Each structure stands twice: as structure tokens, then as C-alpha cells.
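Two complexes follow with chain A in common, the first pairing it with chain B and the second with chain C.
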Partner chain A sequence: MIYNIYIFNKDGTCIYNEDWNKKKQSQNQSEDQKLLFGMLYSLKAFITSSSPKKIDDKTGFHCYKTSTYKLHYYETLSCIKFIIMSDPNVPDLRDDLKKIYSQIFVEYVIKNPIYKPGTTVKCDTFINQLNLYLKQMPSFSS
Partner chain B sequence: MSDPLSNPTINTTNVGGQTTTQNIIGGIGSGKSNSVGTPYTTPLQTSAHTAANSLSATNSPIPTHHMINSNSSNNLSGMATPGGPGLQQQQQQQQQSTISSNNLGLLGQQSQQQQQTILSPITTQPKSISASCFEFFYIEMIDCIMKSSSDKQHAHKKLDKLGFKVGHRLVERLSLDTALFPELLDSVKFICKVFWAMVFKKTIDGLKTNHKGVFVLTDSKFQWLQHLSFDSSASNKDCSEYVQFTAGLIKGAMSNFGFKCIVTFDIQQVSTCVFTIKIES
Partner chain C sequence: MTINSIYILNKAGTLIYQNDFGNTEKLSHNSYIRLGSTFHSLHAIASNLSPVSGSSSGIEVIETEAFKLQCFQTHTGIKFYVIADPNHQQLEELLHGVYELYTDYVLKNPFYEIEMQIRCDLFDYKLLRLLGVRE
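So, the complex of A and B:
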């Protein structure tokens, strides 16, 4: 089961988020986004500093799991962060996040002449393609 | 050629890591229905080839360098060789000029040899340029023109003019080895197949005509609108400025073939573009 997706840009603003299959609605969306970004930021910093070996801070952290959900994280070289929250049993989604970035985000957002960089993504082709992609995944609603 | 930058092939890479290999020449050669006529296919292929070379030559520093070399070598050897013994007598009287022209002659020979050894692998490889890079450049060009002009109509006029110039020149390049077109329809077909394949990597999907100087060209997957999409809530869903340039391209191409025409276009559904060419008599 996939619950939601967040896309953060370089400056930490959430440029896209969407929820599916959620039982509990969030009270304050923008507060949630800020908290999530802050948490990931410090988590990443901690992971890098506490690692016994030198690790790349873009790939060092890719998911964490609690008893109720699993967070999948992918960061591009351009510092765009893709986050999917899912059921704890869902297998690794790194490849899917990568595909969402390279085949959907770049194609329909970055190459969209109408899109102004740094603003919230509202292009309908992107939203359609993203939904199409996620919904065909076996783990989307199981 | 040990330097990795000197590799003349520039593969088309889309930014997201998705790679599409395109073969412009193949695209033209394997045109489905040969409506232009058999005698034209071979010369068109070669013309497309030379055009592809010239495009890539501006992209890779090494081939350009050798292009210059080969040009200059031709000029230099042209100066040095026909002189023969007669010229040398004159040159003996002016020692300085002898030295310099001898050197030039040597230079010419050397670069001719270089040209033979280095240019041969270059000409055999198919070449392409980055489609993503071009698309981003195109977006910025439109943006720049839209911002710099006072109203939309003015901007469209500018884009049309730009397209006209580009089309006019491009057709010159593409039709280098093509035999003369006996009829108007052949010129339009040339635009549909060769010209379109060169610019958009695909041919026009539908061509209709009333045989009285009106042609309707349909491209059901117009390249420059492929990635464009609006907010579902947006009130203004006009993207004609991204097509106006192409109307200019067609106009320029037709004018170079000797036909003055009016080109209008219509954007239908998702990325389907219909161009109407109306010949002015």
C-alpha cells in the first residue's frame, strides 16, 4: 500500500504532494512538509557524520521503517528529493523513485515550457503519468 | 584522438538518463510510402547526410577544426601548386615570398594528409545532436521573444520571421543534391518528408490537398508540444507561440522553392498540429 508522495526542491519547498489510501487526514499540510524536510535533513546529516566509513550523503540513506509505515527516499544530483511513504511490507522502491524522476518528472515537468522552475507542480500530464505509474505497481493497493 | 572530447559522435541523451538513439539518415531512408518518387530517394539521402555532418561539425570542436584545415589546405595548395617552375623564378627574386609560399605549400600538403587520415572515420559515422539541449534552447528563445515584445501579435510576427529565415536557409542545405521539382506538390512532399524528418525526426502523418494551392499537413505527435501541459485549472491554455516558429519554417522553405504562401496552424487535442499552406498566386 502506498500512502503518499512528496517532492522537495533544492530549497526545501515542497513542489508536489499527493495522498492515496490514507485513513487519517493530516491537520496541517504545510507544517507536515516542513517537519518532514527538517527531519530528513538532520537524519541525513546524522547518518553521514556517524558512519564509520565515508559515504555519499545522497545515497547513504534510502529508507526507514516504523511499525506502521516505511519511508522511501531518493535524492537526485540536483538535490530534488523524492519521498514515498508506504506500508512497512513494501519492498525497496528506489528504482521506482528513480524512474519517476527520470521518466516522468524530467519529461513532463522539467521539459514543460510552461513550468516555472521552483514553483508548485500542477501540470496535468505529470499528475496523470505519475498516477498511472504508481497505480500499476503491485504494491500500490495491496 | 586519445582525448575523450574528440569523439565526434554526440549521442542524443535525454536528461533523465533515458537514452534515445536516433539515426536521422535512417529515418529518411526508410520513409514508408515513397511519394516523392524513386529517383529522388538516393540524392535525398546523401543530402541529408551532408547536412547531418554540417550540424555536428558545429558541435564537436575537432571536426570543425579539420573542416577549417581542409578548407584552408585547398586554398593554400591552390595557391602553391599551379605556380610550378614559372612561379618559382619569380619567387627566387623575392626570397621572402618563396619561403612563405613553400611553407604554405607544405602546410597544405600536411593538412591534406591529415584530412584524409582523420576525416575518413568522421564521415562514416552517423551524427546527432542533443534533442534535450535544443528543446531547452527553444523554450528559452520563445520565452525571450515573448518577454521582449509588447504584445502577443508582435511576438508571433517575430517568431514567424525567425522561422522564415531558418527555413529558407535549411532548405538550401537539405536540397543540395536534389533534382529540380517539376511540380508544386513535390516541394510540399519534400517538406513533409525530408524537411520534417530533419527537424523533428519524423515525417508528417497526413497530407491533404485540394489541388488548387491549399495543402493541409497533419502532425499527430508534434515534437515541440510533447512535454507541454497546463494546470488543469488554468484559464489560459494557449500555446500557439510554440508552433508559430514552425509555420515560419514552412513559409521560408516554400519561399525558397519559389512559392509565396500563407501558413496557418491549429492545435488540436494533445500535441496534434494541423498546418494549412495556402499558395498565393
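So, the complex of A and C:
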């Protein structure tokens, strides 16, 4: 089961957020986005300093799990962060996040001439393609 | 399957025990305390961010390319967490073992003040033996 997706630009602004199969109505979307970004920022700092080996800042962190959800993380070299929350039993989704970036985000957002880099994504083709991609995944609603 | 470090935090998030094993690089004592309380807050925020209604636990596992962190929180709020090899499979059992040692050799020690730093030789000794058997 996939619950939601977040895309953050390199300044920490959430440029895309969508929920599916949601079981909780959030009071304040933008508050949640900021909390998530801040949490991931400190989590990465925590990981870098507690790691026994040298660790890459961008690809080092893979995912974390609690009793009710799992957070999958992928960061591009241009510091765009892709985050999916799913239920805890879903296997690693980083390959899917990579595909969402290279085959959907780059194709339909970055190559869109009227899209201004760093602003909220409102391109319909991107949203349709993203939904299409996620909904054909076996773990989407099971 | 190496175990790199073990941390124990009390219910307020203060570090009460930390030890490194193998050839893990040592940090300063202050850094360990800071890492411990950082983890305590990340744990609390993660349970707040849950997309599902009903209460969620905090972080149970963190997976990275260099290590895996497994955390176990007792009903009394004490957190045990271990940093180990990414492919280690039995970390949950290991943490239960550490919890057992804690109840037997720390809580039952008449000189141990609850919520304070753990300085019990017997606990250190038994912990090393537990890890030695598992490695």
C-alpha cells in the first residue's frame, strides 16, 4: 500500500505532494511538509555522524521503518528529494523513485518549457503519468 | 556480521550507555550524547508524521548503504539501539537479549540509580559475551 509522495526542491520547498489510500486527514499540509523536510535534514546529519564508515551524503540514506509506515528516500545529484511513504511490508522502492525521476519528472516537468525550475509542479501530464506508473505497481493498493 | 555500537537512552532521551565494538572510529563523549538525543527527537517526529490514523511507534529500523540501525523501545520508554552491518538479520533478538541483561544486571544492582549512567562491570562483561556469541 502506498500512502503518499513528496518531492522537495533543493531549498526545501515541497514542489509536489499527493496522497492515496489515505487513512488520516492531515490538519495542515504545509506544516507536515516542513516537519518532514526538517526531520530528514537532521536524520541525514545523524546518519553521517553515526556511520562507522564514510558515507555518501546523497545516496547514503535508503529508508526507515516504524510500526505503521515505511519511508523510501531518493535524492538526485541536483538535490531534488523524492519521498514515498508506504506500509511497512513494501520492499525497497528506490529503483521506482529513480524511474519516477528519470522517466517522468525529467520528461514531463524539466523538459516542459513553461515550467520554472524550483516552483510547484502543476503539469497535468506529469500528474497523469505519475499516477499511471504508481497504480500499475503491485504494491500500490495491496 | 559485525556490531558497531550499542546505545541506551532513558525515557527523557539522555544517553545512559554507549559502547563501540570492532574497529569503529571513536568520537568525543559529547558527540555521543548529542547523537543520542538527536535520535530521541527523530524517533518522536517520525511517529508524528505517520500517514495512518492511530498511534505509530517511532523509528524501528533505518537502512543506509553503510549500516543498519535497529531500535527497540520498552514499555517504560527506554530505547536500545544498535548500529550494525547492513545485512545483519538478528538485530531484534539481539536487542531483546540486551534488554534482558539490562534488567538482570543493571536494574537489580542495588547501587544503580534509575535513569542514571550505567556503570556496572557485570553488565559490560555479559554484554561482551552476548555479542561474542552472536558474531
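Definition applied: the second predicted complex is superposed on the first by the 142 of 142 C-alpha atoms of A that agree within 3 Å, B and C clash if a C-alpha of one lies under 4 Å from a C-alpha of the other, contacts with A are read in each partner's own complex, and residues count from 1 in each chain.
As a working rule, a residue touches a chain if its C-beta (ideal position, glycine included) is under 8 Å from a C-beta of that chain, and two chains touch if they have at least 3 such contacts.
Everything quoted here is computed from the prediction, not taken from an experiment.
Engineer: Is this a clash or a fit when chain B and chain C both end up on chain A?
Structural biologist: Overlaying the two complexes on chain A (C-alpha atoms) leaves chain C and chain B fitting together cleanly.
Engineer: Examine A:Met85 and indicate which partner it touches, taking first as chain B and second as chain C; both and neither are also allowed.
Structural biologist: In the superposition, A:Met85 touches chain C alone.
Engineer: With the two complexes superposed on chain A, say which partner A:Ile114 touches: chain B (first), chain C (second), both, or neither.
Structural biologist: After superposing on A, A:Ile114 lies in contact with chain B but is clear of chain C.
Engineer: Determine, under the contact definition given at the top, whether A:Ser42 touches first (chain B), second (chain C), both, or neither.
Structural biologist: Second partner only.
Engineer: Look at the residues of chain A and decide whether chain B or chain C touches more of them.
Structural biologist: The partner with more contacted residues on chain A is C.
Engineer: With both structures superposed on the shared chain, find the angle between the C-alpha centres of chain B and chain C as seen from the C-alpha centre of chain A, to the nearest 10 degrees.
Structural biologist: The vertex angle at chain A equals 140 degrees.
Engineer: Output check: A:Lys24 vs chain B and chain C. Expected answer is one of first, second, both, neither. What do you get?
Structural biologist: Only chain C is touched by A:Lys24; chain B is not.
Engineer: With both complexes superposed on chain A, which partner does A:Asp32 reach: first (chain B), second (chain C), both or neither?
Structural biologist: The answer is second: A:Asp32 touches chain C but not chain B.
Engineer: Looking at A:Lys65, would you say it contacts chain B, chain C, both, or neither? Reply first, second, both or neither.
Structural biologist: Once the two structures are laid over each other on A, A:Lys65 reaches chain C alone.
Engineer: Report, in whole Å, the shortest distance between any C-alpha atom of chain B and any C-alpha atom of chain C after the two complexes are superposed.
Structural biologist: It comes out at 22 Å between the closest C-alpha atoms.
Engineer: Which positions of chain A touch chain C when the two form their complex?
Structural biologist: 3-4, 19, 22-24, 32, 35-36, 39, 42-43, 45-47, 49-56, 59-69, 71, 85, 87
Engineer: Spell out the residues on chain B that touch chain A in their complex, using ranges where they run on.
Structural biologist: 14-18, 132, 135-136, 139, 142-143, 226-234, 239, 242
Engineer: How about chain C: which of its residues touch chain A in the complex?
Structural biologist: 4-5, 22, 24-25, 27, 31, 35, 38-39, 41-42, 45-54, 56-67, 69, 83
Engineer: Show which residues of chain A lie in contact with chain B when the two form their complex.
Structural biologist: 98, 101-103, 105-108, 110-114, 122-127
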